[in-house]
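Each chain carries a letter (A, B, C, D and E) given by its place in the written order, and its residues are counted from 1.
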């Protein structure tokens, strides 16, 4: 059997590893397609042939649900993530206001469009730092690009997911945004309408089980489902 | 076959308005640079859409602005030797030559014959870029001939060629004119070519036809000297009487013997010779002891004095009209007036090969 | 050699080649027709056609991809109509070729159009007087003379098709073995921190293939040019 | 009219125009030189130059942007050297123009090169016999004759520069008022569910501007053509 | 100024190997199509790099393969009238004409003069695309002349023009030759042009020089008839004696009176006249009562019989050598042999304008 999975690009490393394990355990062949959540969601609404969608963005999942494109009751919040402030390797940690104050530039994903950017803007606003930060913010088209800017040293500070920070050896986490400063970061997953198969359900379930959870935890995600 | 052309066309600073007929044979369009010759030929070929007019060949309408008929060029079955060779740069000379033959119906014209006549055998594998000016023009001639057209348009085809080459190619046009029965529209500035090839001459000036008629008429009319004064001359018809051993051919022109260098025609054939007015000497008495072999007795028919020092004397001889261009001083000295009898002295060799044509 | 790339990467290389070749081949006749029409014909709406041809160049590729989804998606009228005929573009490699072809189209048409405009109509006239119909004139005179332009246009198109990403990933997604082209694979690697190395390998493959095509075309163009002058 | 677009959107339109105009203008002389060199000169490494020129077409734009970042970034040797001279590209609109110019370069060069190759060297020879030095020949004969190609190349380049997104956002990011071009703004709208309407408005602006440029160039090209034949 | 040309160049199927000198005046390159005329001119202009050779003008080296010198075309200060006009399509006629003058140093040649001479005043605002073939060629001539060259290269400049236009332009080349002191390399197939313009004639055959020398020598040497048999003719020098009221000019050629249509030269000037061999009639006795005004007594110097029916009789007269082309039959009949005395009869008008040049 085969399953096609559309997943947010930020899940690539972790999900690839999990899929590898699953494929050795079962006879199911997994086809993983990574892209920005928005592109994937739009494609699903145009009939993309996928069984499962794992989004990095609640908004797009809500949109699909409203259009009736999800198999009811299969939607679950699979993973959580944290939002961090990063700097090139070797910088020391500090408190957010000082860091933001002193930074010459802050790399973020698009603050009005891409989830990581939206979370970041919310958090900085909540901390009353947005006014200070806004003129310094350089917005990349996705969170990985923002990460790259910091890794290359082009930006001395960046707002990214905890998982990204962990995966990039050339950056270091200099501060953690308090969870209350932004809405919870969730990765919802669901089966797609018309693709309600045994295999799909089984894989979705497996993702919530320990074997998978260990892998996601290792990459910095917070598994949200308790089995 | 007769080609009928009636055209009106307005270009910036130039108005074409012509109406003429080109009967079977070769019609020379004669006129100064810019007088509209190429424009007319383009219209006949269908490369230019005249503002108004009608062009037909023996009733087959090629173009008629009132009926809205306009046959595309490729269906007019013509061969066009352009003023600039227009060879296809991406094809070899050989491929250029055969281009039109592919579309020809009958394919009687053989490549080797044409290649030989034009002396382009060594060039067949070359591209046009590697040819000299005259070589290009020769290939263009060959290409048009090999297309087996039903009508030939030639725009100064020999202008870039040396005399010797012209002498080789001219008989071919003659054969086309006489054997293939194609109407040929031919543009040239060379009086010798007009004289030798033309059946009909259409004289153009500023986009208008100022004179048209049979070559013999137009060329022997001293009031029209299309080729400039130097081109005036008369045409005589004569029958080949004998080919002598010393290389001369004797002609009989209404009882008068004319000698000229051996011509290819057989005994009994009627041929046309041209006697240029500038090469005739007049004598009241029959002159003796001259190197000139041809002496024609006649009566002065008219004397036209031009603006310059010269006059054209028109002489009626048993063989036909002869024109002589002499100075007014000579005319006076000889006491030439209308009705007086007189002899025309013509050197044999001044009836040159170019001036001999088949009637 | 083979283990230099993973099987999945090989798949991407093969797919990109297939997509680029098909995109180029399919665009060729239409591109030639369009170029010819724009260069030679007068017709109402000519400037609109001209504009439409250039559209993919002006629009951000994502928008083009989105418009393609709107038009050829399985839910779209045209897409579902075509699907009934068995022609499916969305989320197939054929869709990738369609997207690449459309993105490459303006480049191809412009190059061809320039060449057509450079052909001396006097040569075409000469061919016509020799008995060649319009079609024959085109095939035996115009076409050989514009070959350099066709080649140039095709190479641009091929290169563009090899590199096309935005419209492709938006229209057909990034499904390994089905629609994951080289640029999509490169993109995926760039999404992974530390994936630059892998991305670089694929970039090199991509550049190598396109350069090969380029050199081949230059060589062909030189041969053609030698023939023509 | 003005409230049809938000002030920030107006900014993006203005910036995109500025970026595209500068990218085109700056690429012109270099593009012409490159096209001329590729068309006429023989020099070692010619095919390498040829390849490099085409590179931006082949590479996914994101990779081009990334390479630009590596070359002209503030930390990069070249970038910091230029910065000392007061020339900064990173995160400036100049960088957006640089990215757009580089992406448009192959299109421009190809069109110009085709035109140069179509110029009859016999005319240049004639000019030389009349006393014109190489430079004069170029300025008075070659250049006027290739104007249609220059125009065509410039329009392609302008259109491409208006639409360029991937390399630009990767290299200079998206800083409203500084580096937020139309395509970035469009992209941003497309990221949000239901943002298609807003994106469409900007797409229309983008298309309108590029079509205007296109029509202008066609009109110019026709004038030039009328002059030349 | 003297132009020295030594060239070796190998083309596919054609080898050029020439060495000649073009002294001040006009040097005609004469030869059949494909004999290498354009190739030589291109080498002189610097448009073609010969395999080996040296080209210099009065010691100024334009090109020397052993020294590795190669002056670029624009520094050779020459004017080149190409076989195909090569007008700039993007410039108007007026702009084309003035193109070279911009680079000229002295700018003595005035546009209106050239425009008048060529009759292109009405065309100045047109583009070359809207010109007839002959009009293009005239503009090309004007463009080269206005560049004020120090050397003029002309490749069949008049081939596309009508006789009347040629007659108008020829004197201009004469003036250039005589007044401007430029060396002129001139290609033509027309014997009349050779006769009228040439100071020096270089006869080419298959890429080799087969004869070179002063025009008078080459043209009156019956063994070389570069212009074909019909081109043979002699050159005489004569002094203008009087301009008569009837439009004739009387010349004095070593005591013998010659009449020809009014020439522009003043009384006392020495001019060169050409008497074509084909237009001379011989007579043992002094003929009387002929319309021909010019009768030169002389002695037969040589008789060369060719392959055909004709023979060239070379006659020594007080005025110089005269050639006559007669038939072998006439020669026999008149009993012409070496040493015999004889008269040459030449019609006035056959010394036509084209055959009159300044000595």
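To be clear about the criterion, a contact is a pair of C-beta atoms (placed from the backbone, for glycine too) under 8 Å apart; a residue touches a chain by one contact, two chains touch by 3 or more.
Chain identities (UniProt): B, E = Sulfate/thiosulfate import ATP-binding protein CysA; C, D = Molybdenum transport system permease.
This one's a predicted model, so the numbers in the text were calculated from it and none came from an experiment.
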| item | value |
| --- | --- |
| Neighbouring chains shared between subunit B and subunit C, ordered by label | none |
| Chain labels contacting subunit C and also subunit D | A |
| Reference subunit B; chain at largest CA-centroid distance | A |
| Contact pairs, highest-scoring chain pair | B-E |
| Farthest-lying chain, centroid of Cα atoms versus that of subunit E | A |
| Chain centre separation (subunit A, subunit C; CA means) in Å | 35 |
| Centroid distance [mean C-alpha coordinates] between subunit E and subunit C, Å | 61 |
| Subunit A and subunit E, separation of their C-alpha mean positions in angstrom | 91 |
| Interface hub residues of subunit C, defined as touching at least two other chains | 62, 66, 187, 190 |
| Two or more partner chains touched - positions in subunit B | 84 |
| Subunit A, residues touching no fewer than two other chains | 42, 148 |
| Contact pairs between chains, per stated definition | A-C, A-D, B-C, B-E, C-D, D-E |
| Contact footprint of subunit C on subunit A as seen in their complex | 4, 6, 9-10, 12-13, 31-35, 39-40, 42-43, 45-49, 142, 144, 147-148, 151, 164, 167-169 |
| Contacting residues of subunit E [partner subunit B, same complex] | 11-13, 31-34, 37-39, 83-84, 122, 126, 130, 132-135, 138, 155-156, 159-165, 167, 189, 191, 227-228, 230-231, 244, 246-248, 259, 261-262, 278-279, 281-285, 287, 289-293, 308-310, 324-331, 334, 345, 347-350, 352 |
| Subunit B to subunit C touching residues, read off their complex | 45-47, 72-74, 76-80, 82, 84, 86, 88-90, 99-100, 102-104, 127, 129, 143-144, 147, 153 |
| Footprint of subunit A on subunit D - complex, ascending | 66, 69-70, 73-75, 90-91, 166, 169-170, 172-175, 179, 184, 187-195 |
| Parts of subunit D lying in touch with subunit C, wherever the complex brings them together | 47, 50-51, 54-55, 57-63, 66, 106-107, 110-111, 113-115, 117-118, 148-149, 152, 155-156, 159-160, 162-163, 165-166, 182-183, 186-187, 190, 196, 199, 203, 206-207, 210-211, 214-215, 218, 225 |
